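I have a structure here, written as structure tokens, and I will follow up with some questions on it.
As written, the chain order gives the labels A, B, C and D, with residue 1 at the start of each chain.
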Amino acid sequence: MTRSLILGGVLSALVLLAALLSFIWTPYDHTALNIPAKLQAPNAEHWLGTDHFGRDILSMIMVGARTSIAVALVAVGIGMGLGVPLGLAAAAKRGSWLDEGIMRANDLVFAFPSLVIAILITAILGAGAVNAIIAIGIFNIPVFARVTRGAVLSLWQREFILAARVAGKGSARISVEHILPNVANLLIVQGTIQFSLGILAEAGLSYVGLGAQPPVPSWGRMLADAQTMVSLAPHMALVPGCAIILTVLGLNLMGDGLRDWLDPKLREGRT
Amino acid sequence: RDSVTIGLQLEPPHLDPTSAAAGAIDQVLYSNVFEGLTRFTSDGSVVPGLAKSWDISDDGLTYTFQLHSDVRFHDGTGMDAEDVKFSLDRARAEDSTNAQKALFADIANVQVVDPTTVQITLAQPNGMMLFNLAWGDAVIVAPESIETIKTMPVGTGAFTFDGWVQGDRIDLARNPDYWGTPAMLDAATFKFISDPTAAFAAMMAEDVDAFSAFPAPENLPQFEADPRFQVLIGSTEGETILSINNKQPPFDDPKVRAAVAHAIDRQAIIDGAMFGYGTPIGTHFAPHNPAYVDLTGTSAHDPEKARALLAEAGLTDGFTTTLHLPPPSYARRGGEIIAAQLAEVGITAEIINVEWAQWLETVFRGKNFGLSIVSHTEPMDIGIYARPDYYFQYDNSAFQDLMAELTGTTDPDARTKMLQQAQEIIAQDYVNGFLFQLAALSVAKADLQGLWANAPTQATDLTAVSWAK
Amino acid sequence: MSLLEITNLSLSIGAYPILRGISLSVEPGEILAITGESGSGKSMTALAILRLLPNCTTLRGHLSLDGTDILAQSETEMCALRGQKVGMVFQEPMTALNPVQTIGDQVMETILLHRGCPRAEAEKEARTLLDRVGLPADRFPLSRFPHELSGGQRQRVVIAMAIALRPALLIADEPTTALDVTTQAQILTLLRDLVRDYGMGMVIITHDLAVVADMADHIVVMRKGEVVETGSTQWLLANMHHPYTQKLFAASSHKVALPPASATPPHPVPLLEVRDAVRDYPVARKRLFGPAQHMRAVDHVSFTLHRGERLGLVGESGCGKSTLTRAILGLEPLQSGEILLDGTPLARTGLAADQRRKMQVVFQDPFGSFNPRHRVDRLITEPFHGMADAPKGQDRVEQIAEALHAVGLSPEDAGRYIHQFSGGQRQRIAIARALITRPELILFDEAVSALDVSVRAQILDLLADLCGSYGLSYLFISHDLSVVRNMTDRCLVMRRGQIVEEGRTEALFSTPQHPYTQSLIAAAPVLPNIGHEAARG
Amino acid sequence: MGRYFAKRLLSLIVSLVIASWVIFFVIEIAPGDPASFMLGINAQPDTIAALRSELGLDEGKFSRYISWFTGMLQGDFGTSYTYRTPVAQMVADRLWVSLPLAIYALTLSTLIALPAGIYAASRRGKTGDIAVMGATQLGVAVPNFWFAMMLVLVFAINLRWFSAGGFVGWEAGPLAALHSLTLPAIALALPQAAILARVMRSALLDILGEDFIRTARAKGLSQRQALWRHGLRNALIPVLTIIGLQFSFLLAGAIIIEQVFYLPGLGRLVFQAISARDLIVVESVVMLLVFAVIMVNFLVDLTYALVDPRLRGRG
């Protein structure tokens, strides 16, 4: 276990814990407005202060963690769920039109400006957490497809794959039975990284008003709400900002640590 | 110093005030570059513009305008009655793309009497005609430059258009040949800063000298406390309302609408969304208008009563509806507060944030909404309640008759009476939730003088602006 | 005083001791060979001389080069020494050169670095060096890039770099392991000539005892980080004392007691028949709309293999042996020709289940031929996939136990993972996997090439045993002539995709007909008989 | 080389055609109508219809696609619905801000990242490495819009070293123009630099493990010399890939930063155009961005060949 794995794990666990705890307990109701108590700096009653509607920021951060985690997790799920099979298929049929097609389509998706497309998606489908997930998820697909294909291509050259082919197994079966377990580590590591990027992306989308909609709290929207009040109530921007930074930092550290821990030779996985 | 940089939140899409609804066009060009026969002043009254005087026939159907004689467009061509006829006919035409075509609906004919005399004949009397002609959509344009008006506006105002860096700024320069009192500034620049934080930063860093319609009321106390700046607080024509889809159940029941109205705590909204800037209203009328009646008592904050009303309407368990919120912060923030207030009486309002384009499509034209928040910034627009197809779908024939009568009335006292009666009808019908009159909030350098505090129309009239010595 | 003097050198990486009290010395003009099995610390010893060790290593003892105490030198002083006083040639010529620099620049670098002479002069010198190592100017200008050279040519460049400044000592770590026998012979000759011409001392590291016997003046035998025996070549070959040395030499010249081919009631249908097989690989077109190009890896190959026959296939690296194997296994399509197994042609779509039952394969790499995430029982029953009568339950357990038993492992091993086995054990498991369907034919593609000599000897013995008990027929593919000579009855020689010679193994090896076969056999280093005698004694 | 070029070119063209399809038809299904947006809430239906026909919106989708696409081939991107100026010219104007900003940010990030990555790699495992890597972890984690907010707060509002935003224009002289782009460039560059430094470091470390580095060391090169002479150029391929990706990202992805600093850049143009449903502008700009990304990738591929001779001969 490396130092970064421990540090990252602890940070990520804290965030996860806060999110889970928020299901049963938050210091205040995170939707309760109390306008007379607005913009309070951190104090004994409100540990992290209140926002411009007098809501308790700690409660919002806790519930917001839920949103961030859910959005990023599902987006990674979409990316993995579609990207990994595509990558497996492309590698299994290396050099075929299928491979070529998948990879070209990947390049094309990569070529689209992601934020612009996210904005368009929400313009078409409306703003909201679900659409943010779709927007982030779409751009996760090529990442996973590419990483999977890259790792799997070299596996296909390995003799145990030849042995399985000699045993008459088809490429789909080999992909699931032999290939997938052997790239699982790599995918977990990549998943951690995409997860952290997803949290950043959700924050960015919410910041421009396209993420989760009120009253569902979101770190990015808290930042957006805070932006004009930075000079009045700096804690409103600092608290969610630090929450994002620490979470992303934790996940990245954990990803790096996992990579070293699971397999030092996987280093080329990250681009 | 003889130039000024003004910050504005929205950039005009193009520069033809007569073919788009965008207030941003007027904010830059109204009275500065383009002028109409009449014009608004800071307090909202209508005064002569290019027309130095006018006569109205006794039947109220014929208006004869005397024009100033030595007026020239910025391209050097003269402004005469032909141009007036051209401008008004263009706005009224079948294929006109004037966003406020309705303003001219009663005009039957425009006739050139002589180069400085124009006669407008109405199909029916219209007490609002002079007022209508003061709108930015009724400014006088020249046929010679009409082709390029969207990028090269040519008007008669005290400033000439001097360039547009799209996405960034528009420059104006003093018109040396102005027919009236020349402007005091040599040049003016409008800079477009849509982000409220950026607006604050730009002011603080003194990148701009003034910011008209400052978008972040929460920052105003800081400017007030800073000797470098002055804060101008005035009134606008913007009645901010919680619009209710009167045809959509359960809002077709007046009791439910009344319940919504009583569930709302206006002061909390003004404090929370506008940081205290704004005047509570109880009907759809601007409080600074002499005809205004304070009806806020009709829909006082009373959650108990709201719950009782819901129970009466058979909705003891409350109900769920949608709350469509367009981008301005009064709507987005106000919406969050209203949703919380409605929740207290058992109404679940699902917030749907939309862009303007979507709002127009789904709420305004599609009428596919339960609740929405929007500020109606058109001056004197209580007439919209007489349009049953208007998006909140209020259909009251008594009100419609009253409005028809009003249009035909020119006697001021009678008009006032009718207006007050109209205000009461819609308040008592709880057509919409009436929230507050949007305040005109501007920030400027302390030594900049002559800016309009009020916003009777969306204009940044610079003709009288100057730097204190 | 000796050129290189190592006394009581110990090395550890972190807490792990790697070298323990190594002592050896090299005189000018002398060739010292270090040999021993994989992991015995040969490379570490060489790197210690250059002080190019991995991080966290601690070195103790004495190490002096030409009178300089290496261990007392600062890093800067070591830099001055490397390349100047001592040059090194590494094992893998394909990766030892910087792919983005011309060979001229890389050879010149040594000269420029230490001598600081003008570029033109260095260029001239580099040219001379390349000429010297057999890369003439007309075909190998200085502006060539490494990827434009073959492995042997690259190794020559590496050697040119190492001898650029006529170092007193040249270290060569497995300089020919990655090369063909014929190329290997050329490189070894070159090295020997250089040592003689320049009067250098040389340390050559190799696990190939035949090379050792052929080249070295002195031999050092290492095992587990220790020197077990040392002496002059003549003396050591004659009087090896240490049992490990004896075992090593015995294993190298190991003769397998192959049971005679089963007395043939000649079956009318050959077990395997390859007719005019052609396999092309597509190669990128030269021009966009030019004709499709291809590389012919297998070129009209025909042969037959009868029941009970043990057929060998030899040839240089890249001649198409593995491609042929894959085609026989139905893993790759043929462009023309056909392959018949027991009289039935292979379908284009791959082997039918009953054909797969008849034919199995053992691959080269004992580390790569198993899915690291499966247990042994699952691994060795993989060939049953898709067979209707695959054993189930107790039957399956028994068959697994029997297969494991046959290769000398215990039934308990079925529950272990592959990383818990040594290389030799893994190759046994690979054989068990091939045996489990009771095939009539097994293909061995370089099945023992990756193994240490002693392990290799065991596996070959195992195969010989299995031939006895199972009456195996197999196709044995290898580039190692001595192994093929030992293991087969009949032999094919392949060159550039074609079979150039075919015959009874003994006859083919003793009286090769084709010039290629002749050069192949001539190039292969042979272990002198003395070692063999000594080992027996 | 020529063949390689031609093949890439072909796939590039196919990609662009497909992209144009996707862009056009995806954008066209966005709800909202440019004409009603322009005319606001008091407009009468016949007025809206008049404007729609003036804008050519009453034609069929397919014929509009064809005229848009064929127009683009001739460099004519059509006329903006709202601005009523040629899209090509609007885009060109915006590029004068976005392109320099992207280049500026990329230069900054490269200038920071490469030395930092090289330094960290050369001091692998030591304090310097850990410090640099810690900083990059932080850099990756900081949302750039948040960072931008902080920069404005400190350097524009409090210290007043820079203006809070806006672009003075190139007429004001290159120095003044660069000065006004400095804060946004920093806000964009630092997170990118963090990523780039990590890539640089790991690419170098991978290369440092290669055999030819050992060969070089055996020639007598010091660790540092080996790194500079043999490591760097080989490590350049992954680094170039990332630089290429980052450039495309900077061109299109600066939307939020342009918003924070109210820069008249491409990003803000699309943002405005989307909310005004100025579809033709959105389509053209997105198309242009896709084109830019594909072109940049293409150029990066070509530079690979410059860096790595092995790719030159290959078909």
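Quick note on the criterion: contacts are C-beta pairs under 8 Å (C-beta built on N, C-alpha and C of every residue); 3 or more make two chains touch, one makes a residue touch a chain.
As the structure is a computational prediction, the values presented were derived from the model and not from experiment.
Asks: Which two chains meet at the most C-beta pairs?
Replies: After tallying contacts for each pair, the winner is B-D.
Asks: Which whole number of Å gives the spacing of the CA centres of chain A and chain D?
Replies: 22
Asks: I'd like the Å distance between the centres of chain C and chain D, where a centre is the mean of that chain's Cα atoms.
Replies: Using C-alpha averages as centres, the distance is 50 Å.
Asks: Please report how many Å separate the Cα centroid of chain B from that of chain D, as a whole number.
Replies: Chain centroid spacing, chain B to chain D, equals 39 Å.
Asks: Between chain B and chain C, what is the gap in Å from one C-alpha centre to the other?
Replies: Centre separation, chain B to chain C: 87 Å.
Asks: In chain A, which residues are in touch with two or more of the other chains?
Replies: Residues 123, 227, 230-231.
Asks: Tell me, which residues of chain D touch at least two other chains?
Replies: 31-32, 149, 153, 157, 259, 274-275
Asks: What are the residues of chain B that contact at least two other chains?
Replies: Answer for chain B, listing residues that touch two or more other chains: 195, 197, 327, 355, 357-358.
Asks: Every touching chain pair, please?
Replies: Chain-chain contacts present: A-B, A-C, A-D, B-D, C-D.
Asks: Give the list of chain D residues in touch with chain C in this complex.
Replies: Its residues touching chain C are 2-3, 6-7, 125, 210-212, 214-222, 225, 229-230, 233-234, 307-310, 313-315.
Asks: In the complex, go through chain B and note every residue touching chain D.
Replies: Going through chain B, the ones touching chain D are 11, 13-14, 19-22, 94-102, 150-151, 165-168, 191-195, 197-198, 201-202, 204-205, 207, 327, 355-358, 360-362, 364-365, 378, 391.
Asks: Considering only the defined contacts, which chain A positions touch chain D in the complex?
Replies: 104, 107-108, 110-117, 119-120, 123-124, 196, 200, 203-204, 207-208, 220, 223, 227, 230-231, 237, 241, 244-249, 252-253, 267-268, 270-271
Asks: Inside the complex, what are the residues of chain A that reach chain C?
Replies: Interface residues on chain A, with respect to chain C: 158-160, 162-169, 178, 181-182.
Asks: List the residues on chain C that touch chain D in their complex, please.
Replies: 50, 52, 55, 75-76, 79-84, 87-88, 90, 92, 95-101, 109-110, 113-114, 145, 147-148, 158, 161-162, 283-288
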